[in-house]
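Dropping a structure here in structure tokens format, bear with me for questions.
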Amino acid sequence: GCNSSTSGSEEKGGTIKIGANLELSGGVASYGQSAKEGIELAIAEINKKGIDGKKLELVTVDNKSDAAEATSGALKLATQDKVAAMIGAATSTNTLAQVQIAQDNKIPLITPTATNATITFKDGKLNDFVFRTCFIDPFQGTVAANFATNDLKAKSAAVLIDSSSDYSKGLAASFKKAFKANGGKIVAEEAYVAKDTDFHATLTRIKAANPDYVFLPGFYEEVGLIVKQARELGLNVPFMGGDGWDSPKLVDIAGAASLQNTYITNHYSSGDSDKKVQDFVSAFKAKYDGKSPDAFAALGYDTVYFVADAIKRAGSSDPKKIQKALAETDGLELVSGKVKLDKNHDPIKAAVILEYVNGQQQYKTKVNP
Amino acid sequence: MTARTQLLKVENAGIRFGGLKAVSDVNLELKKGELVGLIGPNGAGKTTFFNLLTGVYVPTEGSISLDGERLNGLAPYRITKKGISRTFQNIRLFNELSVLDNVKVAYHSLAKHSIFSSILRLPSHFSGEKEMEQKAIEFLKIFKLEHVLHEKAKNLPYGQQRRLEIARALAANPKLLLLDEPAAGMNPQETEELMNLIALIREKFDLTILLIEHDMLLVMGVCERIYVLDHGQLIAEGTPEQIRSNPKVIEAYLGEEVS
Amino acid sequence: MELIQQLVNGISLGSIYALIALGYTMVYGIVKLINFAHGDVFMVGAFIGFYSITVLHVGFFPALLISMAVCAIFGVLIERIAYKPLRNATRIAALITAIGVSLFIEYGTIYVRGAQPEAYPSGLVPLKSIEILGVKISGQSILILGTSIVLMILLQFIVHKTKIGKAMRAVSHDMDAAKLMGINVNNTISATFAIGSALAGAAGVIFGMYYTKIEPLMGIIPGLKAFVAAVLGGIGIIPGAMTGGLVLGVIEALVSAAGYSLWRDGVAFIVLILILIFRPAGLFGKNVREKV
Amino acid sequence: MLKINDINVYYGNIHALKGVSLEINQGEIVTLIGANGAGKSTLLQSISGLLKPKSGEIIFENEHVAGKVAQSIVKRGISHVPEGRRVFANMSVEENLDLGAYLRKDKKGIKEDLENVYQLFPRLEERRKQLSGTLSGGEQQMLAMGRALMARPRLLLLDEPSMGLAPLLVKTIFRIIEEINQTGTTILLVEQNANMALSIADRAYVIETGKIVASGSAEELSQSDQIRAAYLGGH
Amino acid sequence: MNILRQAKFFWTSIVLAVVFAVVMQFLIAGGSINQFYVNTLFFIGINIILAVSLHLIIGITGQFSIGHAGFLAVGAYASAIMTMKLSMPFPVALVTGGVVAAIAGLIIGIPSLRLRGDYLAIATLGFGEIVRIVFLNLDYVGGASGMTVSHLTTWPWLIGCVIVTILVIVNFTNSTHGRACISIRENEIAADAMGINTTYYKVTAFALGAFFAGIAGALYAHNFYIIQPTNFGFLKSFDILIFVVLGGLGSMSGAIIAAILLTIISTYLQSYPEIRMVIYSLVLIVMMLYRPQGLMGTKEITSFFKVGKSAKGGIQHDSKNTVA
């Protein structure tokens, strides 16, 4: 390829350094660790062939689930390791702590799973070096609301959100808007924070409000517990959530019986027959002793391919060229769907609706944005 | 006894801990310049009585006044400022502080420089600190502790610790000094030195002293008057001779004749 | 009805706190150490139970016993290696070591098996939930409450009526004097840690059975809550831990029931501080003022 | 019965006992007197195993016990009543006494000894159920001694049993020490109250800054001018 | 004599510190130091302020407080509100952070009047959590997802605050007021009996310590782009506590050295993500086992240069002989 001497990245022996700044310890270590597994799998796959003969070298730093550490980690990747691109943190805070570093040093930062809107676009200004692989548009919430009204015939709904997640808040907001527009009524709004374990009290409250349907846009660790405890309390109405639910662990935690009558919106289904998805799942299982990937792993995996694609198209490991190529991504096929970036660097993806039947995801419908 | 003015007046003072009346109905008066003993069996309430005087405990009944001012309910540090200072039965020095600093702490209430001036190191800080230091050094000379000024208090031998505690109590500039078993753990020889020290400071500082002690040689040797406490109540009061032969005291405390 | 259901919820939650708090308070009562690693022993117990069930294919009760035994040994090891050398050091030094041990167990576990959660198989203890007048009480939470009460009584008996219990109390009060009685101080402290850690292990397995999800950092929050519960009841006092746990659980449930679920922990801490201000040694603690 | 040869004990850098030797014969009351910080308590703690001497021998009934753990020394028949009583404050009188017999298994013997202790200290029997922390100083001293006796010691080490006690109690305690001795228990008594101690002791040692400076029969020593001046008060 | 020597020492150290600050400023501005090191330096500075401020509360006054992250949070949020919401200049935000935190310090100082030891510890820990939960529920500051803050912390501000913090606390400690605090630590009952208004000094120590923690919070908020309630949990408080204890309780230079060392160790370990915390925890355990009294014991670094005068400080609780 064209190998003009570049400012940001040094190419030693034909490798391109990619940084990963993840929550590998601290409060949300499980998110970061999952993402890391996906990332490492993708890197290993890509390095079998290489990109134009070069291999990717992953430099990982642990940000301890702490913003200050995330900043310092990003600085290390940018200025010490001089990586060509940085894969950002799994959560929004720790990604936000890196945004300025990416902008200042002109190194692309791609977060697999951070959903806060201001990460890429803030105060009318685009952070041009920052991207994400997950989708944040409120689209999922709207899809869920329409599904609740039209297919489940729900007249009243309760909303239970993870208040530590902008993703959860965003989905809930668009759900409420669409559901009300459909003539439905929100009878209860409750919240929890990640890592809570006992939801009986909140669920009892929801039960007392007697909704037809519960919208639960959270992550599987808590969702599993919530659904299980809800069923224990005799709250048997349909529950529905977003892609955060997607993990085989959800079935283990909640139990197949409790998951009857629950639905999710997702960009893909790990039970999907799609070859790309199936290949990913089996490769992941092969690498990690039969462990099934969750959404963090899938998005981490996708992020690497997202970057690799850009490097290939840029034909260079110059961060600025990579940035340009990333912004032009259109129609890249990833595990989590076909990616096209909008003007805010947020991906636009399709959504599918899946139902849990006996612990298996069953495809219901596909909705395009 | 010459007509000396009254310093401390305790009327019907008492305190209970739950059901236990540790001290009850104690009436006691001290005149300026007196050296008075307080004796009684273990657990009679002597230390507790000191605690009432110094505000560590608030009396549940009765009143305590110093120089006509009522002390009930005042915080201990206020009572100290009003002029009562004490030593403790189990020595309570500031172990990690030097001998000099132990005494300086007692001078604290005399310090005029504010936190502000110390932080900014204004001249008033330096002059204030300097004055304290000089005073403390002068003072420690009286107690023959000037050679250990910078030693940590915890490293002093027991006898010097006792002396330092008395010095520290005196540095707070009391009118009334309370000594709780100052001779405990001392052998007769050391006790004798202590008696001399007490005599000395009494002369030098124009003090009134109330003293708890089980060592009868000391009590009978130095006290002008003695109060006897038993089960929280005063059972006798009088000169050493009267106390020595008081049958109640003999029964409760002394045992048959002391030599 | 809802209120009663909420009380039931609170008591169920509280009995889990109580279960963990019992071991906490026992160790504190005897060795005066805030054993921050207690929550992590609880986590290890949960994982041992999990692996016993899924790998060794034993039933719930054998898994419980295995976990208790392993945790007992683990607790003794921790004490011997990390705490014993600090017996004559300041308490705060021991506390920092305990924090170090806690971090070590957490991240050692993550290093060995990763941070992802694991789920207990469902239906381990097939207990029906009962419904009285619309109030659902799960069989498992009754089991947990029962277990906590039985363990509390057992602990109380051990500490107050048995010879080893007397030795423990003697050691807690004055180690040298205990030595002069011929008490083997090291063994007594080991026994304390063994019992306390076994309780944590049991709590871990029961927690896993009840909530299904376990993960390497699961001990932090319940550990902290249990510690709060123990202090609330008067730390070192066994019935206090039980009461503290229940009070804490009920407060949390009621706050959530009032619709302020995000304030749950905040209110719990406010109540804690208020109780401490009015009863500085906790609900059951005697406020022993230092004798002057 | 007990023979100490040239022991040295350190606290960190502080050389607390410098080559101390002494001997106690069966049935004696031996007293050890000396000023504050002379090393009396240190010596007792070395005998009972709370401290490890750096060098030297402690031989109890022909066995080397220096450096052995306290537990095994108690088992061999040495009981130590520590300075400041150290009763287990939040336990009852009876529980304290039970703990004294911690290592013993002979239920009957324990019961007998409990009776004996109660006979010696009737006050303790009255207060059987009381928490020992709420006892008066004198009562706590009695309890500490009773507790030590429950181990059925052949040698009893007493560290300043009269400290802080009212004169009446001091007399009682000394009377009881003599009684205990008459039942055949050998006693090593550390005291500040040298007058009293010498009056009941058979022999005495004087310790000064970690060294034995004088020894002899109690009578001899109480006659010595030097000793009188230093320890008995100049009257 | 002694006092004069103190004054001389005082001025020498100020001059040295200022020289260091200016030299560093040139190096940073000139770009001779890698950004990553600069950031680490900032992190160290903030941690020094935190360590020194907690040292005043625990090391000097002996109040066992493990909720220090609460003050950090209050300072961080208060200052961030000033700059981000009210568009105030950074210096104003800095002072506001300190003052609001000091008020919080006054409030938490009140339970300290009734509580001792472990009970005080748990109450302060509870206070820290309450602060965190309040911010978690305040939508005005972004709730759980946090608040983005501009990068305004610069080297002159940072080093200035570090120097002022150290100076104030050293000056406070080496005065009759500091001695009053130490006497409370050593023996509260005796301090009271010597005429020390223990209430006043305990609350003062809390307020002053909190003030500087608040300053650190302001610097923190404006250095790391975002603040979020989870950054200020009890684990953060433990981190600060660890600086103070590991340095040697009662030794300010110890606290500073520990803050520097641990920050460097922790940053260095970032690149070994798998074993980072395992190593960190082992470092902690091993250090405590080998030096339970902390790196410096109770000594100050200055005592190595002075002969004859033993240093002030150190802590000795009557609880010393309790079982681990």
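Letters A, B, C, D and E name the chains as they come in the text, with residue numbers starting at 1 for each one.
Simple rule for what comes next: a residue touches a chain if its C-beta (ideal position, glycine included) is under 8 Å from a C-beta of that chain, and two chains touch if they have at least 3 such contacts.
The structure displayed is predicted, hence computed values, not measured ones.
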Using the contact definition stated above, find the chains touching both subunit A and subunit E.
-> C
Chains touching both subunit B and subunit C | D, E
Chain of greatest Cα-centre distance to subunit C = B
Rounded to the nearest Å, the gap between Cα centres of subunit A and subunit C is 36
Using mean CA coordinates as chain centres, what's the subunit A-subunit B distance in Å?
-> 73
Centre distance in Å when subunit B and subunit D are each reduced to the mean of their C-alpha atoms | 32
Rounded to the nearest Å, the gap separating the Cα centres of subunit C and subunit D is 42
Where in subunit E do residues touch two or more other chains at once?
-> 136, 189, 274, 276-277, 315
Do you know which subunit C residues sit against two or more other chains?
-> 107, 110, 262, 292
Residues within subunit B bordering two or more other chains | 56, 88-89
Which of the residues in subunit B come into contact with subunit E in the complex?
-> 54-56, 75-77, 80-81, 85-86, 88, 92-98, 101, 104-109, 111, 113, 115, 118-121, 125-126, 128-130, 132-133, 150-152, 154, 168-169, 172
Considering the complex alone, what residue numbers of subunit E touch subunit A?
-> 34-36, 39-40, 43, 136, 143-146, 148, 151, 220, 223-228, 230-231, 233, 235, 266-267, 269-271, 273-274, 276-277
Touching residues (chain side subunit A, partner subunit E) in the complex | 22, 24-27, 59-73, 75-76, 78-80, 92-93, 96-100, 105, 116, 118, 122, 163-166, 169, 193
Mind pulling up the subunit E residues that touch subunit C in the complex?
-> 58, 64, 111, 114-116, 118-119, 121-123, 126-127, 129-130, 133-134, 136-137, 189, 234, 238, 241-242, 245-246, 249, 274-278, 280-282, 284-285, 288-289, 292-294, 315, 317, 319-324
Per the touch rule above, subunit C residues touching subunit D in the complex are 163, 166-167, 169-170, 173-174, 176-184
